[in-house]
Every structure is written in C-alpha cells, then in structure tokens.
Amino acid sequence: MATKLRVTIGTREFAASVEAGVVTIDGVEGTFEVAAGADGRWTVRQGDARSVGAALKAQDGTWVTLAGITARADVEGAGARPRSRTSDADALRPPMSATVVRIHVTAGAVVNEGDPLLVLEAMKMELPIRAPRDGVVKAVHCREGELVQPATILVDFE
Amino acid sequence: MMRRVLIANRGEIAVRIIRACREMGVRTVAVYSEADAGAPHVLAADDAVEIGPAAASDSYLKVDALLDAARRTDADAIHPGYGFLSENAAFAARVESAGLTFIGPSSSVIAAMGSKTAARKAVSAAGVPVVPGETPASQDLAAVRASLGRVGYPALLKATAGGGGKGMRIVRSDDEADEAIAAASREATRAFSDGTVYVERLIERPRHIEIQVMADRHGQTVHLFERDCTLQRRHQKVIEEAPGPTVTPAIRERMTRAAVAAAQAVGYVNAGTVEFLLSGDEFYFLEMNTRLQVEHPITEEITGVDLVRAQLLVAAGERLPFRQDDLSVRGHAVECRVYAEDPASGFLPQSGPLLRYREPQGPGIRVDAGVREGQSIGVHYDPMLAKVIAYGENRTAAFARTTRALEDFDILGLQHNIGFLAALLRDPRVVACDTHTRFIEEHIESFVPGYTDEQLHALVALAAVADGSGDPRDPGSGGRGPGFDPFETLNRGVF
Amino acid sequence: MMRRVLIANRGEIAVRIIRACREMGVRTVAVYSEADAGAPHVLAADDAVEIGPAAASDSYLKVDALLDAARRTDADAIHPGYGFLSENAAFAARVESAGLTFIGPSSSVIAAMGSKTAARKAVSAAGVPVVPGETPASQDLAAVRASLGRVGYPALLKATAGGGGKGMRIVRSDDEADEAIAAASREATRAFSDGTVYVERLIERPRHIEIQVMADRHGQTVHLFERDCTLQRRHQKVIEEAPGPTVTPAIRERMTRAAVAAAQAVGYVNAGTVEFLLSGDEFYFLEMNTRLQVEHPITEEITGVDLVRAQLLVAAGERLPFRQDDLSVRGHAVECRVYAEDPASGFLPQSGPLLRYREPQGPGIRVDAGVREGQSIGVHYDPMLAKVIAYGENRTAAFARTTRALEDFDILGLQHNIGFLAALLRDPRVVACDTHTRFIEEHIESFVPGYTDEQLHALVALAAVADGSGDPRDPGSGGRGPGFDPFETLNRGVF
Amino acid sequence: MATKLRVTIGTREFAASVEAGVVTIDGVEGTFEVAAGADGRWTVRQGDARSVGAALKAQDGTWVTLAGITARADVEGAGARPRSRTSDADALRPPMSATVVRIHVTAGAVVNEGDPLLVLEAMKMELPIRAPRDGVVKAVHCREGELVQPATILVDFE
C-alpha cells in the first residue's frame, strides 16, 4: 500500500506518495533505495548516485535533510502533531512575534497565489505574508501597528 | 595586555572573540539576556553576567547594564563585536570615561565616520574618490545641465526630498538631459511638492569591494587586502569572497592606498573596513565601518592573520604584530552566511529548535557559529545560524569546498537558506563574476527555492522510510544514549 | 582525472581522502571490515564495500578482496592512505597490473625505498648524507679502531647479530676505544654467539626532521619544507610541528635540496617524505616514506597546499599545480595525535564506547578524525582517535591555540592521552626546543599522568554533582532528545 | 552527609569524599561550586577560576571531563554497575583481546605496587600489566601464548 506524505519545505507543501521504492510527486516518479546508517544518518541511492542525509522524528513530523536541503514530512496516519504554525492552511499566522506594518487586503478580496496580503516586521526586517494559493480572504484579524504572536490568526482564507 | 575582557555581544562573534582571548591568556566575561542563558557564548567565557530581558533594547543595547557587568566582574576592557553597540560613539565614550579600554577606534573617530556626509568630506579631502554628485546651484535647465556635465554620464537625477524611486531618472547623454530633467522635476513636485533634483553619477553594475585596514597607536596603518561582497540581498551580504576575483593588481594598488589614506585621514586606530563600489576601473568610497566585520574570517584565511588577536594587541597599546611587507594573499576564501530563513517565502525568518545541528568538517573548512544542537532559535535576534568559511588553493577549489561544506551541513528542525547559497555558488554568472550588487534581486528566480525535483523526490523517499515508527531503522528512538549500539549494520531499507 | 577512487584504508585518513575526492568531483568507494560497518568513512563515500572480518589481515590487508571491490564498483584508481598496504610494493604492482591507477609512486620505487640498505645506497650516491657506518674489514682491534677513526666520534659499537642494546657501546674518543671494543665483542659473543661488531656514528640528541616532497610525471620535483617530529614515544610520533623551530634557513636550504635529490635519484613520482636526523648543523638520511604521512596536515596549514588534491592530480598524469617558487611557509602549525590510551599505565590502548565525543572548534583549528560520538573504539586497529591540528601566526600562537583545542576536546567513555599531550606542550624544554628523539622516554615522569591535583579535585567535584540521580542537573536523563528544553537555566549546583 | 566516590583515571584509582562543596582526596581539600549548563556541559568554579566540562551517567559510573582530562567515578550507593574490566580489584583482567607474551610471576609471589606481573600484546604493542598495589599473587589463570578476552581473569591478587 502506498504511503501518503505531505512534505513541507519552508512554506511550500507537496503531496507525495511512496510505494515499493517509487516516489511520486505531481505525477513524476523516481525510484530510490534508502538505508539506515549509524548516528541518525541515512543513505539514499538513486541509480548510481548515493547521498547521505539525516532524519529525525519530532513532534511535528519527520524532519529530513539531504545535501543541504531540509524538509519536514507528515505521514498519513503517523499521528504526528503538526506545529501550530502550519496546523491550518486556511488560517495564516505569523512565523514569530512581529509587528504588523501594512495590510494590503480586506475581507472578501479575491487574491492569486503569491499576492501580498500583509507585511510584518521583526528583527528589523520586513516580512511579506503572501497568499498561499488562489482564493478569497474571509476575514482579517489584525490591524496595522499591532504586535502579533505565533498563535495569532492574521487572516482567514478560503 | 588587558586582564579581563567583557564581550558586549552574543552568538558567533562573542564565541569567536572569547576564543581569541583564551588563546592570549586573557580572561573573558560573557553577557547574556534571559533568552540566551545556556547559549554557547555563555559557556565559552570564564564568567557570565545576565543583563536583562530578551529584547535587545533591554539587554545587549543597554549601556548601563553592560558597564555595571564590567564593573562587577572587574573587567578592564570591552569588545563590542559587530552590530548592537559596536558603532555607537556614545557607548564608546561611556566605556572610555569609565576608565575601560574600548576594543575599537576612539569614540570621536566612530562619530566622525558615523555621519555619511562628514565621512565623505573627510576621505574626499584625503584624495579618496567618492561618487560624484552635487545639488545644482539653481534648478533651471541650464544649471542642472551644467551639473550633469560636471558629474558625468551616465548620471542619475534624484528628488532631493524624495525616495522610493520617485523623481528618479537615468540620463545617459546630453541629448537625453532636457527631457529627463523636466520629467524628474515634474514627478518630484507631484510626489513631494518639491521639484528640487540632485545630480549624481550613476554607478552601473557595481561590485561591492571593501578593504580591511588595521592601525596601531604607534602610527602604523596597514591594509589586509580586499573582500568582494557583491552578492547581496536587500543590502545584506550573502556570500563574500577574498581576494576580489575581478580586482586587478592595479586596482588593488589604488584601492588599498585609498583605504589607508582614508583611515589615516581620521587618525584611525584598530580594525576597520573601507567600503567601495567598483565599476569598471573606477571605484568610489561608500562608507567606513569602524568595527570588525561579519566577513572578517575570509581575510584571516587568505592572509594567515588573526584579526581579533591583532585588535587585542592594538587595544593594549602594543604595536601591530605585522608590517605591510609581511602581509600577502595566499589562495582564495569564501564565506556563506547560513540563516534560519525560508527563501521560498521571501526569506521569512524562521524560528524553532535545532533538533539536529551538525557542522561540516574537513581541511580548509571553518564554521563560526554561536548555536548548538538542541538550542531553540528564537525571534529576538538576527537569524544568522553560522558562517561557513572555506579556503582553497584557488577560487575554483574554494568554491568546490564551500559547496561540499554546505552539502554536509545537517540542520533539522527549521528551514534555512543552504540550498539558496548552494544554488548561488553553482550559478554560471556567479562563477564568471558576471554579477553586481543587485544581481540576486534581479535573478532571484534562479536561486529560489534552491532545490531540484530530484532532491525533493529523494527527500520524500528518505522521509517515508525514516518515518516508519517502531522500525529498527528509526533514528528517533533514542539512538544517541549511552546504551546505543555503535555498530548498527547498514540495514537496507527496502520499503 | 580518475572517475572513481577506491580508498584502501579506514578511519581519519579515509575520510580525509574522500573529502578531497568529492571536492574534485571524483566519486569514491570506501571499503570496510565487519567491525567498521557504520564507521564515518563508510558513510562519507559514494559507495561502500564490505571486504572481510575485523582482523586487518582478513580485510584491509587482503589484496584480492580490495581488487575485487574495485572491479565490482568500477573504480579506476586506488588510494592506499598510510599504514596497511600503502608501502607494499607487491600491492602497488597488483594494482598496476589490474590496469588501475595506484595513487602513489610506482611499485618499483616503493620496492627500492622499502629496503633500508638499497635506499641508503641510492640516496648516498645522489650526495645525500647518511649516518656514517661500516662493518670493519676484520674484527681485530686495529681494524675496528680504523673503522672508528673513519666513522668519527662519538661512535656506537653494535653487535651485527644483535639487538636490544646488548653488545652496544658508546665510544667518545680513541682513548676509550680498546676497552669498548673488547667489551662489546665479549657481550655480543655471550648474547648472540657472534662477536662481530658494526661501527656507526652516534647521533647525539638528534631531532627528527622530515621534508615533504611532491613530484609529477613531467619531471618536476618540489619540496614543501620540513616538519619537526622530534617528540616521539617508542618511535611513534606524538606531536609534530612545522616549520622546524630549530631549522635555520641555511639548514633548510641544504636539507630540502638533499630531499629533492633523493627523490629524483629514484625517479620518485607523487607525494613522499624524506626523513632525516638533525644534530647540530649536521643531518643524516633515515628513510623515505613513499606515501602520505599522518602528519601531512601541518604542511598543508603552513603552505596552503592540499596535498591529497595534488596527489590526485599527479596520479591523473597532470602537472603539479604549483612550482617551487609558488611555495612558501606562513605561520606555524602543530599536530597532536589523540589516542585511546592510558598514559598512567604505560600507554595501554583503551577500548570502549565514545559516550560523548565533541571536537574543539574555532579559527585555525582543524580536527581530522574518523570516529564519531556513539561509536565503540575496538581493539582491532590503531587506537588513534583524532588529530588536533592548529595553525597560528607564530609558534607561540600555534601552541596556545593547540592547548586551547585540547582543553575543549570532550571525550567521555574511555581514557585518552589529551592530558599527556597538554603537559608536553606546556613543558619549558619543549617550548625551548631543548628536546631530542628520546626526550619523552627520558623525562616521562614530567608528562604522566598529565593532570594536576587541582584538576583531580575539580573532576571529583563535578562527578559528585553530576552523579546525583533524579536531579534536574543530571545530564544523563536524556538531555539530547527532541523534547529537550534548549534553554535550561544555569542551575547553580549548591551541594 | 559526605558523598564518597571512587574516581578512576585510566588505571589509577582515587578515593574521594565531597561534602558541602569541599572535595577531599588523600586529606587534601578543595572547595568548588558546580553548575549545570546546557547540552551536558557543567561549569566548575574554584575561587576566581571557572572551567567548563561535560558529564554523563553511564552503566559503569559517571564519566566526567574537564580541560581535556577524563575520569570515571563510582559514587557510593549510586548503584552504578561497574564494567567487568574494573569490577573486581582482586581479579586482574585484560583491557581488551590480547595475547599473553610473558608471565613474570607465579602464585604466592609477593609484589609491590607497580611491579610487572605479565605482558600482553595487542595491536602490535606490548602492554605490561602491573600490580595495582602491594600484595600477594593468589593464582595465575593464563599461560604464555594464550589469547585472552576482556572477561578472562588473568591473575587473582590479594
């Protein structure tokens, strides 16, 4: 039976399935052999190429890294408790304590994936929050100048 | 020599300074905010003093708390590191008047170089080229045209009152001048109710080249060659290298001479960096940083000099341990700044625990870091995790080694920019130096997200196998405890 | 360039070679015995082949298994590392006749230098000084006295048949000759039933100085200056440094010329080391090692050259990437060999798990190791855990940095020699170079056990607090898992 | 109440007691303050000097390291199970698989601390086994040329 995974790299998410060594993402297949090494390391072989990565099961899923790329995976039925910051794709939350400096949208706005919704400021840097996909803004729960926390829902989205 | 140095900083630079002090037999005092108890710099020092809550304004920027910590621990000197209070003339003055040694230039020099206008004026008087520019005597067409003629083409018309690109026009020749002046003035008036324009030479596709200088109290000022910091994102340096791959011996000769002249013009003492824009054969003074730079290690790698050690010697009143003739460039060095940030979402800073954090190792690789496995990366400070520094016999070898080091860096628990850094290093335009200070912004799609479909597939394959709970191959089931069988066989994971 | 290199070795040198290959885009094959599954060198390579049981004679020394592994993985070259088969001419010949590239000199050169007598003859013919010595034409008093006269005083009489000091006599002048000859002959007859004596110049308080050479197939032979390996214990190097602190420019000039002449005399290609004894201004050829040395990193640190990279280029038929004029010495480098051994019990090798293994870090510090935390150190191979290599601007700075690195090396689970190494580095005679190759043996009580009463007391204090079970300060209660709170406060342990 | 410890550095053993921050070894006292840092690290302060070490409880006792020196401690009543190689001070065992190359003593021999009892060979090195203290050899359980294992008792000693 195929294992279904949701893989997150930063804010990007991918749905993948794995069955008998064949990985399928968006219809593209790849065949791999994975072996456990010592000390949390794993080797991943595809054809002639072998690379060594590391993996660790954590509360919010399985973290993996390979050749400098890090991802987090939730395996269907594995009972991983995702961290709040990624718990609900329809509720956008800040990645950290931050100040809301600009809000570009109001409830009802139709936005395309990547459209700027609002801008936060933290660590003296501006952090644009963009639409994760095409959709409609249901509600905006913050105002400019407000200090928001990781648990705060900024925008409801559908 | 100082007896005991308080390091008014945190993270990798505090650790780096503490190591230099220890190697010189100087005792160290770390300071830390509530959020940094248990951080590597706290354990690295001989003593550690908590100075306040997490917010930098309540701790690392709090002059009184720092001076009080120094007094209580009997420190006789303060090293400011970079960032925080390192270029704060008032802080340096407070340190001086408390009778402590400030490891850096005097407060008056910091103040002089802290004002861009004053700094430009001072170095310009010493014969150092600055970007030609002037406010026309009057704003009529003829006067602005005359300014353009003096400043030279290509030129930039800027609204004196403005910003954000409004009222800005590039003028490439006399022919374009009239129309551009009119447009700029019109736009400026509309945007800022003030049509006054400023005329400046346009520096096209510049490279950011900076010269490391070092001066003692005995009249000796030397340079330690250049660093190329052209790869920037939003004025933040991303990858630096030394020596400058496009800097010819002739340019190096002129730039280093200009940098030493700039330092001498203000009576500079201790380590400093003179930043220039280089375009073609011409270079222009940008600013002088009156402190140790983040990227100082690449200079150390190619010159064999320990800059922090030299800083301590100079601050103690000793002579520089080298003369200009003793210094030379050998090989090539690269520094990559590893950040907790997500390149795919506009480089959003990331926070979270470093569930696994293993630095790359090997000949010619140096990692300056102030974090450790198990530590949580918070939101209060700069999200830089580590600097990966690699030395090689030449630029190609240094790039190859840097790439190898980035691939071997294991970080689990939060997102980082290593894939982005690796993508930059393998970009043919970066390799060929076909870059400029806005190169990353203009071609960001080439470097983001920084991983390939193959890599994504391989990660998924790994995750699917590694996730299998109750599986003997599961590395989450406590493989690191004392009872751990060290010679697990290589269990083929057929899945 | 080779496509795929099999490394016929294990541990730190295998890891080091694999890294160099990766940085050159060359694929690697590790081999491992049953005991080494999961060892760092196995995971570092692109491929890994198990070649037999733990005993080296059944695995790392098994030529057929190595060649078979190379064939199966389609490797086109073999790097032997050091030790094991690295100086085995028959192995090199087998590699050559299998059509593979042996990364080292040709089998005939290995054979020529492998015989001490043949090597002495060859280099002596090239004008390289060897220790004067001869077997007297006859064993009567006059003939032996004549030999003594030719060889020069102080001289050593040795039993040709013997060993272990029996029949050995030091002769300092003609006056002592007759009595010494009689005694030596008598003792030799008694011990070995053969009174024949050999006469050799006694090299008093020699320093061990070796010259790194490198030659390509295009007729270029260069040297990379010297290493001082005087600090030895039972002919095992313990601490090495470069450049040689007692080597004057004049001696360096003569020694490096002799080393290059020795290499050229035998048509040497690839990396090699010519070992000399230096006593006063005179030096004498000892032997030539036809392979990479354990202590090659200190040469890399002071010259900026990657010796393994150069080995690969030369083996691929390319020219050396540097000429003699490109090479120079900068700064000073020290290497300490960290062993799993107990200095207090005659340096008994230790085995056990590396419960905690954290390498020191920082500018100028390089650790070449082939072990990791959690690994068990077994009894089958050399008990070297790691090499701590430190670079500094001068010898004092390099020593200080080495000491700091040794202090920061955390090893729990077995006994090691770090305290012994640190005691050597702080000994005033070592600092002043008042040493010779038997210095450690003669003054062993100065360096063993390598810790002070204060250190012992502090260790006990730490153990008493850290042992407290159920205590929040107990680091054994799983502080490293994912659920670990990274910001434990600094819990004052009042006890 | 004083904590009693037996501290082992390689083959050397020390009896120590600790009470209220004062460490006593062979009648010599020292006063220390110990604090737990993060990541298994500990700071040990004596007067003005602070150093950072690491500690770990293992099956065979508590391992500690400070400034490059490593020791193992058994705390009285702590229930640590010493490793077999050090389990019985009266039964000398080899530290590893080795070959017995020479035996210098026979049963009944009166020896002083440090006297060579026998010589093992392992890893191409000779390992002299010496008397741990003044005493009498009760029995020799090996012969020259024999391959011995860590569990083998070489000599009984009293």
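Read from first to last, the chains carry the letters A, B, C and D; within each, the first residue is number 1.
Methods note: contacts are C-beta pairs under 8 Å (C-beta built on N, C-alpha and C of every residue); 3 or more make two chains touch, one makes a residue touch a chain.
Predicted, not measured: the structure shown is a model, and the values here were computed from it.
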Contact-graph distance - origin chain A, target chain D: 2
Of A-C and A-B, pair with higher C-beta contact tally: A-B
Centre distance in Å when chain C and chain D are each reduced to the mean of their C-alpha atoms: 29
Centroid distance [mean C-alpha coordinates] between chain C and chain A, Å: 50
Length of the line joining the C-alpha centres of chain B and chain C, rounded to whole Å: 40
Set of chain D residues in contact with two or more other chains: 37-39, 41, 43, 56-58
Chain B: positions in contact with at least two other chains: 38-39, 42, 355, 373-375, 476, 479-480, 482, 486-488, 490
Residue numbers on chain C that touch chain B, as the complex places them: 15-16, 19-20, 22-25, 35, 37-38, 42, 48, 297, 300, 304-306, 309, 321-322, 328, 330-331, 353-355, 359, 361-364, 366-368, 373-376, 391-393, 397, 400-401, 404, 476, 478-482, 484, 486-490
Chain B partner contacts - residues on chain A that touch it in the complex: 3, 5, 7, 9-12, 14, 16, 18, 20-21, 23, 25, 28, 30, 32-44, 46, 51, 53-58, 62-71, 73, 75, 78, 83, 95-98, 122-123, 125, 127-128, 130, 150
Residues of chain C touching chain D in the complex: 342-352, 355-356, 358, 379-383, 406-416, 418-419, 421-422, 449-451, 453-467, 469, 472-476, 479-480, 486-488, 490-495
Complex interface listing, chain A residues touching chain C: 37-39, 41, 43, 49-50, 52, 56-59
Contact set on chain C toward chain A in their complex: 38-39, 42-44, 46-47, 372-375, 482-483
